[in-house]
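Below is one structure. I have some questions about it.
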Amino acid sequence: MLKGYTLPRTPRGTSSLAPTPPWHYVGNALAVEYAADPKAAAAFLPAGLSLASNRCAAYFIEWQYSSETEEEFLDPVRSQYRETIILLSAEFEGSPVAYCPFIWVDQDVSLMRGLIQGWPKQFGATWITRAYGLPSKANPAIGPGGKFGATLSVKDRRLIEARVTLRELTDALPTPNFAKAVNVRYFPELTAGKHQKPAVHELVQLKSRDVMVSPIWKGEAALEILDHPYIELPDLRPTAVSAGYRFSFALTVDDLTQLKDLRDTETASD
Amino acid sequence: MLKGYTLPRTPRGTSSLAPTPPWHYVGNALAVEYAADPKAAAAFLPAGLSLASNRCAAYFIEWQYSSETEEEFLDPVRSQYRETIILLSAEFEGSPVAYCPFIWVDQDVSLMRGLIQGWPKQFGATWITRAYGLPSKANPAIGPGGKFGATLSVKDRRLIEARVTLRELTDALPTPNFAKAVNVRYFPELTAGKHQKPAVHELVQLKSRDVMVSPIWKGEAALEILDHPYIELPDLRPTAVSAGYRFSFALTVDDLTQLKDLRDTETASD
Amino acid sequence: MLKGYTLPRTPRGTSSLAPTPPWHYVGNALAVEYAADPKAAAAFLPAGLSLASNRCAAYFIEWQYSSETEEEFLDPVRSQYRETIILLSAEFEGSPVAYCPFIWVDQDVSLMRGLIQGWPKQFGATWITRAYGLPSKANPAIGPGGKFGATLSVKDRRLIEARVTLRELTDALPTPNFAKAVNVRYFPELTAGKHQKPAVHELVQLKSRDVMVSPIWKGEAALEILDHPYIELPDLRPTAVSAGYRFSFALTVDDLTQLKDLRDTETASD
Amino acid sequence: MLKGYTLPRTPRGTSSLAPTPPWHYVGNALAVEYAADPKAAAAFLPAGLSLASNRCAAYFIEWQYSSETEEEFLDPVRSQYRETIILLSAEFEGSPVAYCPFIWVDQDVSLMRGLIQGWPKQFGATWITRAYGLPSKANPAIGPGGKFGATLSVKDRRLIEARVTLRELTDALPTPNFAKAVNVRYFPELTAGKHQKPAVHELVQLKSRDVMVSPIWKGEAALEILDHPYIELPDLRPTAVSAGYRFSFALTVDDLTQLKDLRDTETASD
């Protein structure tokens, strides 16, 4: 009998790309809160969600991950990855939720875990300034005046450039954020005639647990989304940038809530 | 209404990781036919398949891909990728089929297209000797005496090393091969209590069309599968190596046949 | 006694990044001939060279390499690399020569061999359409109508995009080309006060041997050089594009001619 | 007049791979002190150095760098890199010095800066466990019991695996360390007949300034050096492992001291 939470499923079950949850994460995040064109933002929402405001956020995160039993963080090529996430401010049945139209990571394990949670993950190269706690021209302070940068490149084209200068501690995370984010799980059929009738198509809500957040630094920010020939992110380009943030956080994932089966929703593949 | 064959699904549908089929492929393959321990090989087969023989094959392929409308081959970072595939000789309801326990690619688009077809794709770095058609100490002849190498590395560990020396033309492809290969499509649930009750779990048979094959060169080969701490490939290590091959082939994919829904089959995630 | 042609030099001498020449190369090249602003082009020439014409060429090459004894082409991660080269039309003491202001590769071994030859190598990601000799929507013909693309990305920014459509065979390589190219070998000092007094600074002429060239296909081309914040390549942007080429070639390198010691030339580091 | 501290030298001098010093660095280091076979270690020393003891150290460092004027740390693909360094305990004219037989980095800018300092840099992939300061199964404490791992892979083969468990603060850095390390600057000739008569071959001593060190954690460690077909690192395999360390440090480089011109020393390239 084959074992494993994902493909490849094998006799001992130790080869699966993603192991059985729980999955434990810890990351350093740089974030920029900004406003986009509300009509453009609304057009990215799936059936069941409506736009709550034109406030968006871009997150750049350097993650370290371990499963319950494997201590992947000690063989860090299995554990570390970098991620860029765009979040929109949406509403589900009257409650505010975040929705992610785009997300990029740089490891296959993270891509697979993401697809299972409904994150629309693709590969992209994210780079984020680090803080080392020593005075140096190569190092920003985690404190007033500390300057941080982040970039995203996808298939050899730079797509996002961000800058944040820290000013003060704050109690509030950026908005929108990951708490109760809503995703779409989607797994298509390949059988002829069914290309637009996915096997899985459902609105789901993330359920993180054991969330820990470091002190949160806030300041001013700049965010540029560059032109791209086919990725539609420039439609969500900033009309205004409100603030930048830096913080660390940890969380555990092993559950998800289905909100709505979307398989009866009209779909179009092109 | 969002569009796109896979996530991310967007207003214009041009951002999806994998576009709507058909998908057109052309590749140069180096292959090694070998025998593995039959009991070990049988243990990798999913419900519904039985072992037909202990003959296995390892393929190393340098691919170029385009969708129907996008001409990705002209922006080759979107199109080219390298792949290592292991195939076992199986039987489904009395008919011979190939089954793939392990496959590694190096591009996210290929990973996504693969998961939809049931290929158990993970990321790995495949390198294959190329032939340039000019006399040089850096270049093998595609002809008698031409020597080719291939390697696979996964998460910074070398896992396979292969060598092939061409001797003669042959009419036969290696066995097992891709014709009517059988895969398992598998998409798990994350909701608590359902980690072992996947949303999609089915035995499927590939349907390629417009298959074209170049002249096929055959010769002797060596194949080494190195130790690995958690990937179970070494269980399928060669007990004997019979032959090596080099050829090019092209095919188109836009269909799949479901053989059997496996959701009622007993599963175990660990 | 330590051995090795380059660092690291070790007891057995097998660890050196670049082994002792000869170095054997074979590659597939896509090339675009174009004109640049002559004043801008002239400004890139080192002391001793003058501009012969405003004709430039951009080459995109997929290489395979082996040293005399190691058969690196059978462990191709040691052998294969991709390269983008810009050449200008210069003159040395009345003779036409090519001069390379910019070159990008993707392997350390190639970077080291290049520095020794005076190639001003940096890292960049080059992608080039391949030809597989089979009819497919994913594959261009090496013949009339065959379309090829190439791109260069440097530090996550796309810098060059090229397209070539083949039309006919020609007897002539693009101009300028590699025959008798002139480079500057340059190795700076780090000792305080000597940052602008390099240990090595000399004009040299390449000496390839055993050069073999495949049939040469020629056609029309497009070439775009994108903006960049600090790499000065956009100064050499096309004012007109004349032709595109595709061909394969092989050569061996184990010699170099010093033309002129430039250490007495006035230099400036910023 | 062309400008730039290294190739490529250009009209404005902003394209050089490495800019004019000073170069500012800050890094997180994981280190393992160990003993090697003294005869093997002595065989790696260049003319002018003798072995002081069989104590070696392996350092794994995650760096961030900026030049004096460019703020590369805000475009971190230009700034960040990872490094593995092996140091031996040597003696120069009666004074203890460190000598580096092997070093691997993952960015071209770092490779170039290294060659200028005499570091024998090659490309390798280093991964190091990070600390995020939050309780999580994915995160080690920087404190008693905190477990860290590091790995090095070179050309797709894993070469080093290290583990460190922190126990206590210490005042002492690992031995040997970077203070006054001695390197060999080496730049070969390619002209026929001169392959063994390098243009630059000199023993040099590093001069860092503005060195800052964080609190230093020490504990027990494990270190494995894996077999390799041609890199001679396994000759320096541990016979015993004494301790592991974790600390951060910052430094600035803009000077170097020549100890001895080695061009008259007998050399052998193979």
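By letter and in written order, the chains are A, B, C and D; residue numbering begins at 1 in each of them.
In this section, contacts are C-beta pairs under 8 Å (C-beta built on N, C-alpha and C of every residue); 3 or more make two chains touch, one makes a residue touch a chain.
The structure presented is a predicted model; accordingly, all values stated were derived computationally and were not measured.
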item: Chain pair with more C-beta contacts, A-B versus A-C; value: A-B
item: Distance from the mean Cα position of chain B to that of chain A, given in whole angstrom; value: 30
item: Length of the line joining the C-alpha centres of chain B and chain C, rounded to whole Å; value: 35
item: Averaged-CA centre spacing for the pair chain C and chain A, given as whole angstrom; value: 40
item: Shared-contact residues (touching 2 or more other chains) in chain A; value: 75, 77, 125, 127, 151, 153, 156
item: Topology of the chain contact graph, where touching chains are joined (line, ring, star, complete, other); value: complete
item: Chain C contact footprint on chain A (complex, rising order); value: 125, 127, 151, 153, 156-158
item: Chain C residues touching chain D - in the complex, by the definition given at the top; value: 1-15, 17, 19-21, 43-44, 46-47, 75, 77-78, 101-103, 107-108, 111, 115-123, 155-156, 184-192, 195, 199-200, 230-233, 235, 253-258, 266-270
item: In the complex, chain C residues that touch chain B; value: 24-28, 62, 64-66, 68, 71-77, 79-80, 125, 127-130, 132-140, 147-151, 153, 161, 163, 210, 212, 214, 248-250, 252
